[in-house]
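In the two assemblies presented below, subunit A is common to both, partnered first by subunit B and then by subunit C.
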Partner chain A sequence: MEKIIQRIEIARQFSDTPGPRSKDEGEFSGEEFLEKLLLPAYEKSIAGGGKLLVDLDGTEGYATSFLEAAFGGLARKFPPSEVAANLVFKSEDEPYLIDEVQGYIADARKAAMAGAPR
Partner chain B sequence: MARRTPDAQENSKQPTTGFLGNLHFYANRYNLTLDLSGVTYLTTDAIAALVATLVPFTRIPVFVRGSLPKDAAAQTMLVGSGFFDHFRSVQPIPPKLSGQIQQERSRKVQPDVARDLIHWGIKSISGKAMKCTPAYRVLIECMLNTHNHAAKEGARRETWWATVYADHGRKRVCFTFVDAGLGIFRSIRLRRLQMIYRRLGFRTDAAILRDMLLGKVESSTGISYRGKGLPSIYKLSQGGMIKSLVIIANDVYADVSAGVYKTLSVAFRGTLLYWEIDVH
Partner chain C sequence: MSRQPLFVAMVIFMALCGMFWAAHIGWYGLSIEHKLDGVNVATLAVNVFIAYFLQYYFISRAADNRSEKDILIDGLRDVLASVRQCRDTVLACQDAGKITPTSAKSIKLLFRKIANGMENVETAIEMSRCSGLKDECKEIQHALFSYKSAATGGNFPSKPYDAQAFSYQERTYRALSEKLHDLVFKVNQHQ
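And then the complex of A and B:
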């Protein structure tokens, strides 16, 4: 049984119109989401020995860049296997997003091994 | 706008890109008066491309004026598109019929604009504003491409134009996104071998676009985890979540949904994406 001790609802706590990759590209970026919400909540969940549930539902949709910057970005700060093991996703609006995000986390591992910029 | 067959669509794009290229040449040098009186068939993607091509030349001392098509349907389409919000007319403009075409432009990635365009298009047909996550993704990816890749290095960001047309007859919302920037093929980064093949003429830009959509061409940033926008748009098209996807960039015309990839005899200045969504 997964012990979820932190929870983020992107639409309610961040924005229902998620934007681009980085802050210099526009509002509500993946980078901003990572810094303001995802990273602090992830660190709390790790410190508490539980998992972080990320609720992707309720937004207008997501660009790939937003998701990659947020979740790939997290996996470039922490070991990707640890990130994959400690995040739980809810996505009833777009169920395929879960595989997509997990792919970004896995790709971050490959990029790190290939020496790509963090 | 009735859906045309891929062949008819592709054939019609060849002279359109040539016409736009000529316009760009002359607008760079002279004041223009566009005689549109003989136009009998007009689509929102063509209007969007026309606006994106000519708006940079509307400042003094160069300006563009346009006349109205005599054909009633073409006239309604042109007036309703907001074309004359950007250009002076040489004759009185009839009042715009509201509720069919919406247009926005910007140099930034604007999620709120993407949302509003989608809600407007769906509400025009169904009476209720609703989200459409695939259309939202395509709009944001397009804005990002223009923001990051359309301008020459060091130059000001390019302007993008997004037009939404509510096709009540087919219950479809039709989106056109266009910029008059570098175009995909002047901003991509190819592996050395692909570059040699391309220079020698063994690899066309049409074939390269197909590879880009399949995720086989790395991002122009050179960073492995970037460059996922076009492949994700392709997946949405393949999955039927967006319909009638057409991409025109530089010398390539691709009716992606129909699997038709062609080299244009006259290149298009910039990048244009067209797609539709069903409204149930």
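And then the complex of A and C:
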């Protein structure tokens, strides 16, 4: 059984209309989400030895750029394998999003293994 | 209802009567042998079974298949309609040279609708007799992901699509559309 230490509900805690990739591109960006919510919650869950549950439901939808900036961004700050192991996703509205997000984390992992600049 | 089977049955029946009459009058040395042959009776029974009972099985099976295919094709038709609607919205943004918040929301909602529609189709395919086609759904999911990345990746929605992004979108859109059409045809032809 996974021990969930932290939980983020994007629609309730951040925005039900997630926006673009970076902060200078508009409100509720992936970068803003990473800095304000995802990163602090991830660090707390790692410190507590548990996992972080990210609830993707309840929003109007996600742009690819938002998801890549947030979760790919996290996997560029921490070892991608660690990020993949410590994040748990809930997405009943759009179940395919979980694969999509895991794909961004995996891409960050591939880039890290290839020695690409972060 | 076609009258052809009734006509054929009447022709066969009249030919049978004619043959019995010819045997009765001894035409060309024909005769009727009044004895029961077990093998012939069994053959007759099998023929009657095939003619009257097996056809119902195949008819009902064919009807079930058609109903399943109709459900799957309807689902795919909805997905195709949403994909076209999404492309129209993206094209409108391209023409306008900007992506308004309303358009951005609409594009994201349409992608959500398309993805959920494909999930439903995939689940229905797995439950149907066309379950062998589930790998095609995986390919469509990949194509959908490429189209979504092309339409909502990069600088979406802060900057308008440039010519290069638009060209990539068109390629990914066509690939997705082709795969969806291909699946519709395969479902329709599935035996």
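One rule holds for everything that comes next: the second predicted complex is superposed on the first by the 114 of 118 C-alpha atoms of A that agree within 3 Å, B and C clash if a C-alpha of one lies under 4 Å from a C-alpha of the other, contacts with A are read in each partner's own complex, and residues count from 1 in each chain.
Simple rule for what comes next: a residue touches a chain if its C-beta (ideal position, glycine included) is under 8 Å from a C-beta of that chain, and two chains touch if they have at least 3 such contacts.
Worth saying up front: this structure is predicted, and the values here are computed from it rather than measured.
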Task: Overlay on subunit A: subunit C relative to subunit B, clash or fit - done: clash
Open item on the list: Just to be sure I read the superposition right, which of the two partners does A:Gly72 touch: subunit B = first, subunit C = second, or both, or neither?
Closed with: first
Task: Touched partner set for A:Pro95, first subunit B, second subunit C, both or neither - done: second
- [ ] Considering only touches as defined above, state whether A:Pro80 meets subunit B (first), subunit C (second), both or neither.
- [x] neither
Open item on the list: Tell me the contact category for A:Gly30 with respect to subunit B and subunit C: first, second, both or neither.
Closed with: neither
TODO: Check whether A:Tyr62 is in contact with subunit B, with subunit C, with both or with neither, and answer first, second, both or neither.
DONE: both
Open item on the list: If I apply the document's touch criterion, which positions on subunit A are contacted by subunit B in one structure and by subunit C in the other?
Closed with: 17, 19-21, 25-26, 60-65, 68, 93-94
Task: Residues of subunit A defined as touching subunit C within the complex - done: 17, 19-21, 25-26, 60-65, 68, 93-97, 100, 103
Open item on the list: Touching residues of subunit B toward subunit A in the complex: what are they?
Closed with: 108-112, 114-115, 118, 131-137, 140-141, 143-144, 147-148, 223-226, 228-229, 232
Task: Touch list for subunit C against partner subunit A, complex - done: 101, 104-105, 108-109, 111-112, 115-116, 118-119, 141, 145, 148-149, 151-159
Open item on the list: Per the contact definition, I'd like the list of subunit A residues that touch subunit B in the complex.
Closed with: 15-21, 25-28, 59-66, 68, 72, 93-94, 104, 107-108, 110-111, 114, 116-117
